[in-house]
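Report on one structure; see the data block that follows.
The letters A, B, C and D name the chains in turn, as written, and every chain counts its residues from 1.
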Amino acid sequence: MESAILIIQCKDQKGIVAAVSQFLYFHNGNVQEVDQYIDSETGDFFMRAKWELKSFAIQKDHIQRVFSETVGDKFEMNFTLHFNDPKPRMAIFVSKLSHCLFDIVSRYYSGQFDVEIPLVISNHDSLKPVVEAFDIPFYHLPITKENKQAQEEKQLQLLKEYNVDFIVLARYMQILSPAFIASYPHNIINIHHSFLPAFVGAKPYHAAHKRGVKIIGATGHYVTEELDAGPIIEQDIARVKHHNTIEELVQIGQDVEKVVLSKAIKYHLTKKVMVMGNKTVIFN
Amino acid sequence: MESAILIIQCKDQKGIVAAVSQFLYFHNGNVQEVDQYIDSETGDFFMRAKWELKSFAIQKDHIQRVFSETVGDKFEMNFTLHFNDPKPRMAIFVSKLSHCLFDIVSRYYSGQFDVEIPLVISNHDSLKPVVEAFDIPFYHLPITKENKQAQEEKQLQLLKEYNVDFIVLARYMQILSPAFIASYPHNIINIHHSFLPAFVGAKPYHAAHKRGVKIIGATGHYVTEELDAGPIIEQDIARVKHHNTIEELVQIGQDVEKVVLSKAIKYHLTKKVMVMGNKTVIFN
Amino acid sequence: MESAILIIQCKDQKGIVAAVSQFLYFHNGNVQEVDQYIDSETGDFFMRAKWELKSFAIQKDHIQRVFSETVGDKFEMNFTLHFNDPKPRMAIFVSKLSHCLFDIVSRYYSGQFDVEIPLVISNHDSLKPVVEAFDIPFYHLPITKENKQAQEEKQLQLLKEYNVDFIVLARYMQILSPAFIASYPHNIINIHHSFLPAFVGAKPYHAAHKRGVKIIGATGHYVTEELDAGPIIEQDIARVKHHNTIEELVQIGQDVEKVVLSKAIKYHLTKKVMVMGNKTVIFN
Amino acid sequence: MESAILIIQCKDQKGIVAAVSQFLYFHNGNVQEVDQYIDSETGDFFMRAKWELKSFAIQKDHIQRVFSETVGDKFEMNFTLHFNDPKPRMAIFVSKLSHCLFDIVSRYYSGQFDVEIPLVISNHDSLKPVVEAFDIPFYHLPITKENKQAQEEKQLQLLKEYNVDFIVLARYMQILSPAFIASYPHNIINIHHSFLPAFVGAKPYHAAHKRGVKIIGATGHYVTEELDAGPIIEQDIARVKHHNTIEELVQIGQDVEKVVLSKAIKYHLTKKVMVMGNKTVIFN
């Protein structure tokens, strides 16, 4: 069934919820989900409402304008409107590791993700057969120090060509340039293979093994300019033991990585994650 | 700071959220927390709103009436109003096991629970010194088949005398009579030492050991007539191994029991749990 | 590197560990892993030892006989010997659900499972393309009440033909006959989509939703004649909320199912699981 | 029942397990638990064996000498011998926070910890009534920059006087001097209120809140000279949400802290933890 999702972010003011609720009520909106959050520290207000389009009084194409004129402008709201048709378009970036890619493709295949995957981009060609087995175009763009800028431009061109809405770095082992990141603000999701902020940077499982931790983890976050420092969307952990080798930590960790990344994608797809400074609000 | 909590339960109807929000807005309510849930299966609507009393236009004593007249009656709402002053009064029932009692008293002592504990009732006297060390009156009412009804009447009399709002069975090893339970509907919280509905009834750790499960658990629930079948408030688990004896399961399980029971109490105290048939809605 | 694993099960007797250790020491065994467990209730002794074959004094083909004559017979040991070359051969049975199959194939593809997958058998043909994309033979054997016995005979014939060592039921929605089960004792691994012994049988997520549990789970176990009652190898859980629909429980549960099943397979492959009555000993 | 525990640490050599097993077998040891670990990276060998004393051929007072002469010296073993009678003596250091103290005392009270608690030392006097309610001597030794050295000397004198074997810092908010730490090597257990190595140092919950993590944790570790960098014994975590205030993180975290600290104490008490460089081996 077709539905609309309204995402609002603004300064908290008396009467906001009343105004939004009235808007939906007057136009005969059959509300299915509604969540608010008031951050007492910053005074910020966040809201997510989902309702059926079928019986709604306003035509799909006019909702944005009518809401803006009757409610949004008055409260100086930052708001976005989302529909589940057409489906959002997600690009996947990979290197050589396959576990996250498999997990995403598996959910895509079974219909768990309401998304299109128009292309996969990789700096290696080893995962090409997997990707093409699922009829997804695969682009091999190897990265060196010298060609990095040129290749990023090609990537951006491809993303534009395929109308990509957001990007998932499924263990893509390259650092993106600030310019690239700026092209998809809060629309690039990365999985870091540690429980951030522990073990920032390269080889976190080696660092975890050296420190002798009893728990390892993974972090799904939006990519920002500062490495591994963007807003955290989801984290999870697994227990490890003294006898686990680094290779075993890697294997144990991969089970966490893939589930965490897929949860982060799901929150992003269903518009349940909102960015608040360098943190996230998750309506779950 | 003094605040009010409004808990609403009724059939879902268009305009409910708008009406409640308008009510709070018109009377200058500074809303701190607001949650709704619409159960698509049953068509039930649940809402919890918390706001500051200080700047609210309606006097504390009149809120119930004004809300009822202007909003509640119209939507045929089942609603209750709660204030954090005076504190709710919680009775604890125990037998011989001390871990849950200690945990509750520890939180009470440190101010984590915004509650009064006017009395502890037990069918044994072994925990009397612990309870009295914290200046809480302790009543020893031993239970036998013969005296059960008479003792329950004494218990009810004590609860009335001490103005008790709700009861926590902190590993109280007696089954309460239907009449007793009916005196405190959805106001008796029990901790069952298994992951319900697995291992209903007596000696769940023995049963878990026999079945060879790899995980044990505990369940905090409201007591209803049917044994261990009331609405579940909170559950948690712990991993166990083949080499764990029943005695070790008991010890591992106690760590889960006490945390689960205390979480259930916290939800109940902060009015974050609502009963929906034989299930609960938790606004957390 | 080639290594040997010795698995011992017998009545606990003084001198067992000494005898086995002496055997390995005298024949120059470079022990890498060794675990014992003495069950104080049953008086059973369990041991697993892994050592390098390269420098071992006894030829690979003679270890069984020499150990039996010098140690095994004396203590009336039930023992088995395992080598990592050739790889064990695992058949996968599926129906329509793809998540467990994908997860297993993903690990197989990345080399995480040291196993051969000679064939996949299904009562539906929907997963044929996925399986064949990985160059694994796929057999479609639809099951009806009438043809069940005949089809099981065909399955057994295929398993024999392909030299299958053990079978994984990756959400195979058919109940196997006692005769079939008896052909692979403790060599059929099933994933049940509940936290056993809660919600035995069909539609456990529906039952979990109805009961209002706050945690759902999955159980990897050996298949025995009694439905969902075989020795548990691994279990895990995920938290759910009042607002999760049955469909969401299914999706949340699938993430648990696939990880639990793959862990159970890993334990089985590395000979870390031993059966003790209707329970398991896991040397992990 | 009286039992002995032998803890061995040395370079891995062929024949070690055989020699130790023979020793126990020849002297009629009824082995209850035995664990080994060979660290393939460092080539270190670790062993823990527990057996009944009753039927053992060697008198309790002679085991150390006989084992040393017949086995220990030959393999240049670092070994210690432990008996459960008399009980180990544990001192607790606290400041103002009560949750860990309550948890420890609760286990002590119920017999879950096989230990004596001869005294509690604090730099504040607020927890005096709690401690004295359990008939444990309480020493109030306030710490300032000026008197720190003198007070530590008094502490050490008290510990000596009371024959203390090891010390638990149950949220003791003071940094111990290197000299103090050197007096109890690997015998001071601290609970740090973060998932180390994330958020080392003061106010980890504030740092966690600022970073917007979705999971917080606690770490039980041995105290070494470098702050929060000693060998980790146990860690655990709890999920948090965007709406949790710092105060709520503190409360949620305390539930993790107390359970982690008590597990670390239990491992230490039962000699299941061995130090390997800056890591631990846990035979659990």
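As a convention for this text, a residue touches a chain if its C-beta (ideal position, glycine included) is under 8 Å from a C-beta of that chain, and two chains touch if they have at least 3 such contacts.
Everything numeric in this text was worked out from a predicted model, so none of it was measured.
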item: Comparison of A-D and A-B by number of C-beta pairs in contact, larger one; value: A-D
item: Most remote chain, CA-based centroid, reference being subunit B; value: C
item: Chain pair repeating B-D, as identified from B-C, A-C or C-D when over half of the contact pairs by residue number coincide; value: A-C
item: Turning angle required so that subunit B lies on subunit C, C-alpha fit (0 to 180°, nearest 5); value: 180
item: Whole-Å separation of chain centres (CA-atom averages), subunit A against subunit D; value: 42
item: Cα-centroid distance, subunit A relative to subunit B, in whole angstrom; value: 37
item: Residue list for subunit C, restricted to those that touch at least two other chains; value: 33, 40, 241, 243
item: Contact graph of the chains (line, ring, star, complete, other); value: complete
item: Touch list for subunit D against partner subunit C, complex; value: 14-15, 17-18, 21-22, 24-25, 28-36, 38, 40
item: In the complex with subunit A, residue positions of subunit D that touch it; value: 37, 40, 195-199, 211-215, 217, 231-237, 241-243, 245, 276, 278-282
item: Sites on subunit C touched by subunit A in the complex; value: 33, 97-99, 102-103, 105-107, 109-110, 112, 130, 133-134, 241, 243, 251, 254-255, 259, 262, 284
